[in-house]
Amino acid sequence: MKTEKMMRSLLGILIPVLSAFLLGAVLILAIGEDPITTYRIMIEKSLFDPEGILKTLHLASPLILTGLAIAITFKANIFNMGVEGGAVLGGFFTGVAGFSLTGLSPIVHVTICLIVGMVTGMIYALVPAILKAYFKVDEMVVTLMLNYAVVVLVKYLSQGVFRDPASGYVATYAISDTAMFNKMFGSNLTMFFFISITVFVILYVVFKKTKLGYEITAIGKNPEFAEAMGMKVSTNIIRIMLISGALSGLAGAGYLMSEKYRFTLDFSGNPGLGWDGMLIALLGSHNPVGVLIASVFYAALKTGSEYIGIYTNVPKDIVAIIQGILILFLSAKFIFERLKIAGKIKSEAVKEGGKA
Amino acid sequence: MNLLGNILYDTIYHSTPIILAVLGGLFAYKANVLNIGLEGMIVMGAFSSSLSILLFGNFYLGMIIAVACTLIVGLIFSLFSITLKSNFIITGFGLNILVAAIGTFTLKFMKLSNINLSQIINVNDMKVAIPVVDGIPILSSILSNHTIITYVAFLLIAVVYVVLYKTRFGIHLRVVGENEEAAKSVGLKSDMLKYSSILIGAVLCALAGINLSAERMALYTDNMVAGRGFIAIAAIYCGKAHPVKSSIYAILFGLARSLAINLGLYAGPISGLFDMIPYIMIVLVLLFVSSMESKKTRLRGFRNA
Amino acid sequence: MYKIETVNLVKKFGEFTANDNISIGIRKGEITAIVGENGAGKTTLMNMLYGLLQPTSGKILIDDKEVQLKSPVDAIANGIGMVHQHFKLVPSLTVYENIMLGTEITKDVSFGGKKLKSLFVDNAKEKEEVRKIIDYYKFDLNPEDKVENISIGAKQRIEILKMLYRNVDILIFDEPTAVLTPQEVDELLESFRELKKQGKTIILITHKLREVMEVSDSVIVIKQGKIIGAKETKDTNAYEIATMMVGRQVVENVNLNRNASGKAKVIYELRNIGTESQPGKKCLQNISLKIHEGEILGIAGVEGNGQSELVKVITGLMESTEGQIFLDGHEVTNLWPKEIRKSGIGIIPEDRYAQGLCVDMTLDDNFIAGHHDNTEYSNRGFLKFKEIEKISTSLIDKYDIRISERTANVSSLSGGNAQKIIIAREFESNPSLLIASQPTRGVDIGSIEFIHSKILELRQRNKGILLISSELSEIMNLSDRIAVMYKGHIIGVVDANKTTATELGLLMAGITRNVADVLEDKDEN
Amino acid sequence: ACGTKAPETKDMGVALITSAAGPNDNGYNASAIKGLEKVKKDLGLEYRVVESSDVPGSLAELAKAGYKLIFSLEYNFDALINGVGGGKPIAEQYPDTTFVIFNDNPNVKADGSVKHKNVISVLFDVHQSSFLAGALSVLVNENAATLFDSTKYSFTSGDEGRKLGFFGGTKSNGITVFGYGYAEGANYEAAKLGVKYSYISDYNVGFSDSAAGATKANTYYSDGVNIIYSVAGAVGDGVTSKAKEVKKLAIEVDANKDANLPGYILTSVLKNTEVPVYTISEKYKTGKMADVTGKVISYDLGSKATGITDLATIEAAVQASGKAKWEEIKKEITDVAAKIAAGTIKVTNAQAGESFDKAKLTNVMMPND
């Protein structure tokens, strides 16, 4: 039963991935490049090269957090799109704390910075949370709008009071050395990865083993029932959003302290840590393990695409196209069930399902 | 033009693509499909129209090609989300990424930084003066001299209303969204209805894209759609997908944006913060509307829609 | 010759056989009742006849011809219509729009002498058409009302008309009376007779044997997926059917030592409670009630007279705008459900799928809901899965909940069994006050017996019970005192020992005691 | 060959990391790539262009892969020069590779000495070229009626029209260096003519939403502004197309874009990255890197790497009756350029950290700077 189920979900991922890469290969061939070399570099450099895999894990660190931040709200049926804003705002104020405080020991400074990031994210998440919990304002619209507002705000702040005047572009001051996560094993990996993994473990336990996880599920599936059973939905919405906000702020903080070191306007990248997190949460079906796997996969794509630019002539945009196709194909989880070949597996699985 | 006139004219200008996307998106919303892909559809409309006008030198041919290309995006979205029963939010995001990447890639491939159509299209020729209004002082500066698609967009508000509430198709579509079981039990082809709702959305998003790029600016640049599809989704939500109400939110957004831009001129250094106005305003309006509504009921708690 | 016939019909869900070799025949122009315990497989059988489920094996014949029913559309095309418990209606549309759905009449336009169909719906013509059919079947409906604003009985009539408009001649009703007021039930049974006169064939699923005896021509009994008996109604009686169904004698539980003296300690009190459905629109006014230890206070009333709102207010799902509520002398006005439950109040909600259960969660998850804070189930925020499993297994056994596997979601349970989950959860928490709203709706007679005995047992232990039911016999059998609600008021409180169905009926119709006294002599039965 | 310290790989030649705008920006990046193409044609040097979203990572990887001369057009110097997260600076990790960075000179210690010998900073004196554009703007604005056919243009005249507009993508030294130079240039001519101007600026138009840029431009133009100078990437294209629509003028930046909309682009302020890319690559090929390594190379007006265009495109739009005036204006601009070169006119270089005081401008008001 277990193995059948795993086979099914494995196939469900493998088939879309392979088809997307196949389509991508056609595209690469069309522009006169070699798809095999391209993919080899992409995979080898992101997963099978020690430095590459560490870089992949490093890039996965903030994605795990933003993915979890969204998963926890989606699970409660709160359509929270504000993780991007939380990460940006968290990153920004972490940056401020990182350069403005001096003379602290690294442990103290790092801790303060992480707390600043989390608290910023929580305050930010509190706005849509209160609006939803007490005024029933649609959280999707609010979080979407606030994301845009945050972009304007941090732009204003980072070219105003917090700007590093010595810098030719818009940037806040670089954080002091005491606030930086140090690179480990001569790679990009830092403490931040282990923080993310710890958070993952905590959330895994919360989702699977705790009362809170139970309440989140109940609220997500039937809020009226949850309320009637005494779960105080509005309080829980706020609680869940605060956790989500803390995670998103932490993602921004860690990313700043381990990768960017100062706040710039392209801090979160394109499409942004929060948006990536949203896809990751969806691809991982709002489940912590799924989020973890999806984050690493996503980060591997990112790492791989950087190397493609250096070792091949395939333009970066092709990677973006493949990524788009991939996401498209992954969205249709049932795609393989419709293929005749898979018919057998399906009927087997149904039989098994009834037995257990 | 005076400031007030400018603000009002720009309101209409900024509202147009959002109204079109709103009207297009609400069909799918009514059929219970959240079309996150609106953004990608507008991008496709803008990009494919501009590119084909550049290649073939004809605006109308460009329009036709743009509608066709956007319909393809709509078809892919429908195929995945309806026939293959995908998670349509992921599908929508995937399409947004894909369409944007195709646009960027094509420009790069053609070694263009943007698509400039000013040799082919004279933006001033695209504006239509309305004879009757044209004589009246203030009104003419606001209502006249817009492009055809702008007028079409505003007319469509009424048309969409009639289609949704007075025709067989509209009734069936709403039924599919409200109670798919009920629809199926009387033999309505719910998949077909969902397909058509998405495809209508695609056509209107194509118009939004054309309006944004070729028609109003004779120009296409990467990222020019700049989140308008998401703003449209917000407006659809705010107006609960009622064509008139949601369009009002779109216009509100246009007004806020127009205010931010026009007043920013006089705001000095803090004009940078003015760009927040549209977003904050939508939140405040929603807060107001929701708290008025929640005052009406003594019921507590939340319900799944 | 049968109108509709099944031959060795089997339906399996995985390994579980819900229908086991069912062969039945339904005669044309008759009313056939199908009865059986919760989870016996009645709905499953009907769903196959209506094309909602596909048989695992076996045949369905209509007028002796085998038919393949792949969907409800096929069924309707073959003249079979079904009225579901969960209505398939569109709330935002009007009555006539719902009836005409899918067969809309469009405005025709003349074009060069030819008639062309336009896209626009001809509302006037549709209304007229619907009015005609309403008049023909003598139904009480206004075509222009919005469905979201009408009563459950009216909704059911729409469903029936929807089928009749589509010219079906077999009508299946799955527990149509469960949510109807007694008056509506009578109207429905009257409609059945009318339809029968028109030559329609009717299949009726119900747990209420009175209805079986009253309207049916024949009755079929199902038990654990098998047919265990088929009789002409005139050759049998309710007692025999009940025994066949349950496999033992069923007794009607009655509160034997009623006490309406009001001398025991008051444990729960409502003082002048009122609230509004919309600003300025009162739906509850001046509700004052006392519940004493060891007392069952019944609330009777025609549905829609404020009972639902009252339950919502006292269970914390709705705010009261005036008045106070006391539990054991402490004020509990406008507390949230969380605090209300903590204070020792057990609740059996009216709408079980909205407030009582989460159908997408497992049985375990539903059992612990509201008690997951207890040290029994959780420790410092962590759930104790082993204990939960143990308790859940014992409850399934104790309350005889029929489920194919313990870890399945509640959505796979039949309605009656789903209700038993709530019963189990609420009784096991040992409340000092139980609010039971429609506790036996949709539940089979064996289970009703069980639930009633549980309620009486609670009373025996000196707890208070507020019983809200639209089933008058339930109220009359169990209560010590009965309060009657009418238009958001308590129109009267009577001693259950002394009252009669007639008196209650009059009160429910808004006619107060004085008038009732006069009429009392005339009545009987 | 992954992971292990690579044994001296073969010389892979030259690499260039583009800025976020990418290789087809028709300006800053494209011009640098043009330089590389020329290098390849003339000197036979292979090159690679990389678009990166992780500049430090790409710098290190390219160096590791064997590229010995790496240009980086993006602003991202911390990891290269100072080292981050406890890591050594990249420049120190790859001492055999020369890194060329643009628009800033972070390669100096507090005492003024050079941090890394293998880093070159390239600066453009765009404040000077912007000064010229400012001077030109005032001269053209004052004489618009003479120069241009009034049926083809609709300039606002009189005091109402004595306004100049400036759009910047962001407010940073890299952008204000253009704007302040422009304001000073305008002030110079306005003072000479004894007229007062206002300079209206918006440093928040971003680099991509050309649609929003166009509407902002519209408010400027309808407020009486006749010329808008935008230093805002693709937004500039939105502004020029609006200029054509309202029949006024725009100034573009980076590459020579005058021909994009002939007659509506007054001039383009050049920042010609082709020159340094070619020059430094040539040094590399000919083994003369020692001439430039560790240095700051500034390109002033005389270098041709910066300046304004030759004005030929706009000249075609000047009407016959205005030719004489036009020649006069061109002459004046040439004079101003000479004075700047000679140091007679001193322009504030915001990029080099020089502070700018708007109060010192006698004839230009900057209300919202």
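By letter and in written order, the chains are A, B, C and D; residue numbering begins at 1 in each of them.
Methods note: a residue touches a chain if its C-beta (ideal position, glycine included) is under 8 Å from a C-beta of that chain, and two chains touch if they have at least 3 such contacts.
Since this is a predicted model, take the numbers as computed values, not measurements.
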Moving step by step between touching chains, how few steps can get you from chain C to chain D? 2
Most remote chain w.r.t. Chain D, using mean C-alpha positions, is C
Can you check how far apart chain B and chain D are, centre to centre, with Cα atoms defining each centre and the answer in Å? 36
Distance-wise, how many Å sit between the C-alpha centres of chain A and chain C, to the nearest whole number? 46
What is the distance in Å between the mean C-alpha positions of chain B and chain C? 46
Mind pulling the chain D residues that touch 2 or more other chains? 171, 203-204
For chain C, give me the residues that contact two or more of the other chains. 317, 336, 354
For chain B, residue numbers touching 2 or more other chains are 104, 108, 269, 272, 275, 300-301, 303
Which two-chain combinations qualify as touching? A-B, A-C, A-D, B-C, B-D
Note which residues of chain C are touching chain A in the complex, please. 12-16, 315, 317, 336-342, 347, 349, 354-361, 365, 368-370, 372-373, 378, 381-383, 385, 405
Given the complex, residues on chain D that touch chain B span 22-27, 30, 171, 200, 202-204, 208-212, 214-216, 218-220, 222-223, 234, 237-238, 241-242, 244-245, 260-261, 367-369
Would you mind writing out the residues of chain B in touch with chain D in their complex? 1, 6, 10, 13-14, 104, 107-108, 111-114, 116, 118, 122-124, 212-213, 216-219, 221-224, 226, 257-258, 261-262, 264-269, 271-272, 275
Can you name the residues of chain C that touch chain B in the complex? 71-73, 76, 88-93, 97, 101-104, 106, 119-121, 162, 275-279, 312, 316-321, 336, 354
Can you tell me which positions in chain A touch chain D when the two form their complex? 44-45, 48-52, 55, 155-156, 159-160, 163, 165-171, 174, 177, 180-183, 188, 190, 258, 261-262, 264-266, 269-270, 302, 306-307, 309-311, 315-316
